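Some structures are shown below for you to check.
What follows is a pair of complexes built around chain A, which joins chain B in one and chain C in the other.
And now, the complex of A and B:
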């Protein structure tokens, strides 16, 4: 008998068909179905019919998936019932369901900002959006001019976004390392492409895409090698099995007896996995892509990426640490302490020096990743609820802030340099007030969602014995507040530049997106109790 | 032959790939180095599969190949588009955005 047959555990005649719970998996299936429908629409519909049908398909798919999440939650999933789906590959528990709901809501708002066609001046007599006419055409070339004259549009962005959303739904629910890796790639690959599709400043956009792609592929290679080493250590990639092997509860086999002798496999594997996930989160020292990619990508994509990627990646990070490595807490907590401190301090300090509003928001997102990490480090139930609430609060503020950035424009497109935002409060008091509200929420001023979220994570971290982290967090919040306030002062108390930017009047799409951002920011700040209860009532991670 | 030797080879290949990404400047070469890292992971997975006597590792290796193929499609699209714009695939030339 040759080895490969022996490895299969005997030559059984038939392979049993896996049992898949389609009903419980429906949020993801609906989103992937809508993505495939979008691809078909792109292939078969005439060009002028594509925009409306793509927007409709995307919004219907997201609404359907959100309904599925609500139905599952009303059946008690996530609070009283938990389950493992698809032969244990996907978890259906409180954090997964909560984060899936948040990602879907974020995606709805993001699709609204994608669909905006009123702020760009018309090209070729037709209204256009923030995306390139034809991505394959060389910037400034004859082919591009012809595409713009013909009124082409990249309506592929909608199905691409839906694929990314599907991967993001799977990522925090993945219960084994293989599913996690595939989900990571499924949401990353469309994002790399979306970054390259800006209509204006295409060189910056392509540069952002190439940087994001190379660094992202590098990080996912680390993730995969970590997966291989942990598989070598535990003989399984299922998170629960890995935890059993670490705690010594797994039945000992001959191979496990030798591989579990070698802690290097375990520790290096965990470190490499963390590199992959911390890269997606944008934590220092794996943050260097964030400002460039956020600046170069089309602003609606930046808003989507900043909000939804963080939600999905923190979900996966927590599942990994809480399900697979609770037994290694004393090994990974000190490292994560260091990462959290560096992330908060570097994010806040570097943000002070920024002159571009998109880069400023990028550094602020790095600092926020640090604040969320303090909640992850708490490793208690309170911390889990606090992180979930923080992610909900943060993502809507981010979406709103980037939606406002799309509206401040001059002749060359969006005016992102901070100097051109001077005196915006006199030119457009409403927009400046909305942006000021978002900045105050980022800074964590009371009565905004940012304050409630920060208070919750810091309280949980203090309860989890991480008081020094809380002190550093509060100090870097103070540094961060300085540059948020500086922008507010710039907008309201300095004179507008002559020939400065104008504020475009958006269509109902962007107006709704910003409106939702304002509502959630104020709602979670003034009446946070319902959502805090919701986040704290979720079940712990299933094994 | 002792399967652990294959693990040393996998570690070596992964290190060569990772240092290549850090040292080389051509986007295509960088990308090939990333693929080398993925293949090193595959070798490690298959070796561990043999060590543990279960098939998980070999299955994962197939998934990795599919993911790597998808990555090639996206990556080459991006690199080719930037090459056509700049007539260079060097990552040092893409420096419009700085700190």
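And now, the complex of A and C:
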């Protein structure tokens, strides 16, 4: 008791009333509001009205939030103005605002792929989407068959996704460790659920969800433990305060004298926090969930998760390292070097022998996490801008690629085995060409966004003194190029299998999603300057 | 008026584009269209000449900057034209002779089903050559230079169904590429040294010194030698001469165009245009002179031994261009005469080639002179025009070649010292050999008894005069062959005309001009006499005699191909084979091995990904331990 009160300032009567800046927090509030509205719609609207209303609510909410981001940016936030909101719990600065914008755009495209109802064969005469008819029904059981016959659909995915988006918006903006943890859980829990909701291969999907949940909980525990240790060290969970204690600018808290400035607490806390975040970005050795979850989850969810989670988690990771631990750079940089190298190499090498498109893209995302880490390690302004740009570029390529995967189908649903993609270029030249474009962007071939992004992070890393890392990065890219090009060769230069998959004709939703992916990929490759400027002009992290 | 300058190039270029893109509906009149475009360009040239003559000497040069071509920071290239006395001379030669050759081709190619395409290429050739001589900087000149190479490739290989023609085209292109490398290196050197490749700032104009004045002699020598290499390629000078003889595989009007109006004159133009560079690089100049002198004799010897009428003329071209290169290498003493000989040569060599084409046309496309004989009665117009060209080229007093060649020989002596004597001797020897082999051509073709042979299908030849579209150009060119030299020499008009551009200096000749003229004429008479004794007095065998070792070598173009094969092709193939071996065994082995290793590692690592969440958690836990331990360790070290 006395400890707690002492740490909080010694006077229980002076807990201040929270002050919340609703205007500046509006992007998150709008999204959360839309999520709640979605839940209400789910509860009160009749079944057949739910789909359209959910899609509308989600898109409107995201559009509203994005407008709020734009308005904030036009007021100078993120470039010339920065602020701490909600009594210092949430930061409003350049990286936060930029990443929130990216997450919202990603979410719009993801919702479009969720809304696709044309590629699945109709169930019970009703068009259905990629999500399970009734999540609670036992896979293969009578209840499930009945639900399918009735044409049920899990429209809950929309509010779940909106909650996840809300958490992701908060995550890179969280300015204290507890807020960060809450945000982490807010976006993780809906994702665990979403992973379990595949209409086809339900067991695989549920297995993926359980794995993700168990390992995610494990990682969260590390994060929380790290938070506790750092509180013990600094007497505060505010990132800025921790930095002050490390640099010796802030006085030690009386009640915590026995632990304050105990370096072991600090370093172990730092390592454990890193584990929690590195798990989310899918860095080696905390990557093992990635392939299984990416493969099992419904493909639209995989696309959303692969793009948006990475954006949010890298935002939080950078805030943590840049704001709380800049004074410790020489302690965490070598470790992060090792993680980055391992991530790039293991991701690229393991992808070489994959036979499943979704697993291949999962390993590719691991390798890309490694490339982005090189930019994080640069710890300079250039590196920050490069990582922001990379995240923007990478998200849209990923979304587009997974959207293409949803269209290549056979009688059992999506045909994700690589052998069935042979000769796709002859059956469906346009789709194969689009997928080839995304693969080339992943590989970092010039005139695509992937090249610009990779060039930017490597350049920043080299400028930040991490040349060996850049060399390993380039070599890994060469290995990675092999398996990307292999798929292209397979699609265009192999004979199609008899009885191979067909390419479903999507509705306007998926077509738009893929089209946006193509546009962004080419746009950021051909005319990257505007976005490079945008990413490099953002203000540094606020403290 | 100056706006006409870009049109000079644009007219034939438009013709080429129109004919190539216009399709079959242009088949019926496309050739006339092309001829009209060539004539239009010639008319523009005449208009510009008139306007230029109306201006003071100092104001005759006109610069037209069309647009900025490559505006990169620190690298400025413009598309701009420079029209001065030198370029207008070339323009008129190219378009004038070019138009006549177009007209001639209308008759010559009348029965070729790909005639439209042929005329498109002819127009393209003119456009490229005009761009070359009008460009106001070396980079744009290079565009024209490459365009000439392309057009010559297309035309030499026009009858591509004949493997020999396809090979000849490829050979011409490849050999020219060697020269092109020289030009590109020269341009790079210029840019590296001066930061520019525009004529104005680089070479200076009248009264103002260009940037080259400040450069060291060594660098200028390097640039000069590279320019010479370029000139050797286009102008078929030793050691890049081997393509010229084979280029006879193209239709005869093409040979006339290449040898008289375009292509081979490009090298002489390049050296004359770069006079400011060569004047400051004596070593490069000496090399130019040596190349010219060697080629002069080389071509003449080859010309003596050939039985193929076109190849004999080709040897003669090589030799005559050798004269021009030699003159250009003499510096200010010779530039004007190099160009003057180039123009007169343009007339009589075009006339000779068109005459040869006319003979072939009448003789079932026979080219072997040993199967001709006595044609003067059957083809009187061809005989007369060809004869006038012949008299001009051997330097018969009063005709064009007499004046221009004589001036070069004088200039060679005027070089002074031992050099002067050697060069003078070589040029005189060349004059004698020229008289010899040209008389041989004349005698074998038009005089003596008939040695006609039936062609492959057994048709007896029925020699006849060619249609008037072919006769008119020959007659016009004959006029040029007769009068051009005299006109140019009258009051030294050509000298005064060109001097402001190229500069001029009188050397100190040990012999008086009259003496030189006399000796030259004597040499010429001796050559004609020897030839007459050998070929005019006794019947010519239809099957060539074995001949001396020199003759046999000369028939094989003085072993140039054997030389290239032994010195370049064989080591080149060996190098390529070695590289292929290294690539397939060394590099591929390494790369494949690496790929296999990565694949192996990948399959082994995959086993860790076993799908059990417990082992994933364990690996995460292990990873966390390592991370914590390393972080702590980093602090302690």
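Rule of thumb we're sticking to: the second predicted complex is superposed on the first by the 519 of 543 C-alpha atoms of A that agree within 3 Å, B and C clash if a C-alpha of one lies under 4 Å from a C-alpha of the other, contacts with A are read in each partner's own complex, and residues count from 1 in each chain.
We take it that a residue touches a chain if its C-beta (ideal position, glycine included) is under 8 Å from a C-beta of that chain, and two chains touch if they have at least 3 such contacts.
All values reported here derive from a predicted model rather than from experimental measurement.
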{"item": "First, second, both or neither for A:267, with chain B first and chain C second", "value": "second"}
{"item": "Chain B versus chain C as contact partner of A:482, first or second or both or neither", "value": "second"}
{"item": "First (chain B), second (chain C), both or neither touched by A:135", "value": "first"}
{"item": "Partner chain in contact with A:103 - chain B first, chain C second, else both or neither", "value": "neither"}
{"item": "Chain A residues touched by each partner, larger count belonging to chain B or chain C", "value": "B"}
{"item": "Which of chain B and chain C A:193 touches, first, second, both or neither", "value": "first"}
{"item": "Touched partner set for A:332, first chain B, second chain C, both or neither", "value": "second"}
{"item": "Touched partner set for A:72, first chain B, second chain C, both or neither", "value": "neither"}
{"item": "Touched partner set for A:346, first chain B, second chain C, both or neither", "value": "second"}
{"item": "First (chain B), second (chain C), both or neither touched by A:181", "value": "first"}
{"item": "Contact residues of chain A, present in both the chain B and the chain C interface", "value": "210-211, 214, 218, 222, 291-292, 350"}
{"item": "Touching residues on chain A, where the partner in the complex is chain C", "value": "210-211, 214-215, 218-219, 222, 263-264, 267-268, 270-272, 274-275, 279, 284-286, 288-289, 291-292, 330-332, 334-335, 338-339, 346, 349-353, 479, 482"}
{"item": "Footprint of chain B on chain A - complex, ascending", "value": "3, 6-9, 135-136, 138-139, 178, 181-182, 185, 189, 192-193, 196, 202-204, 206-211, 213-214, 217-218, 221-222, 224-225, 227-229, 231-232, 235-237, 253, 255-256, 258-259, 291-292, 295-296, 350"}
{"item": "Chain A contact footprint on chain C (complex, rising order)", "value": "595, 598-599, 601-603, 605-606, 608-609, 611, 613, 615-617, 619-620, 622-624, 626-628, 630-632, 634-635"}
{"item": "Of all residues in chain B, those that touch chain A in their complex", "value": "7, 10, 14, 17-18, 21, 27, 30-31, 34, 37-38, 40-42, 44-45, 47-57, 59-60, 63-64, 67, 70-71, 74-75, 77-79, 81-82, 84-86, 91, 94-97, 99"}
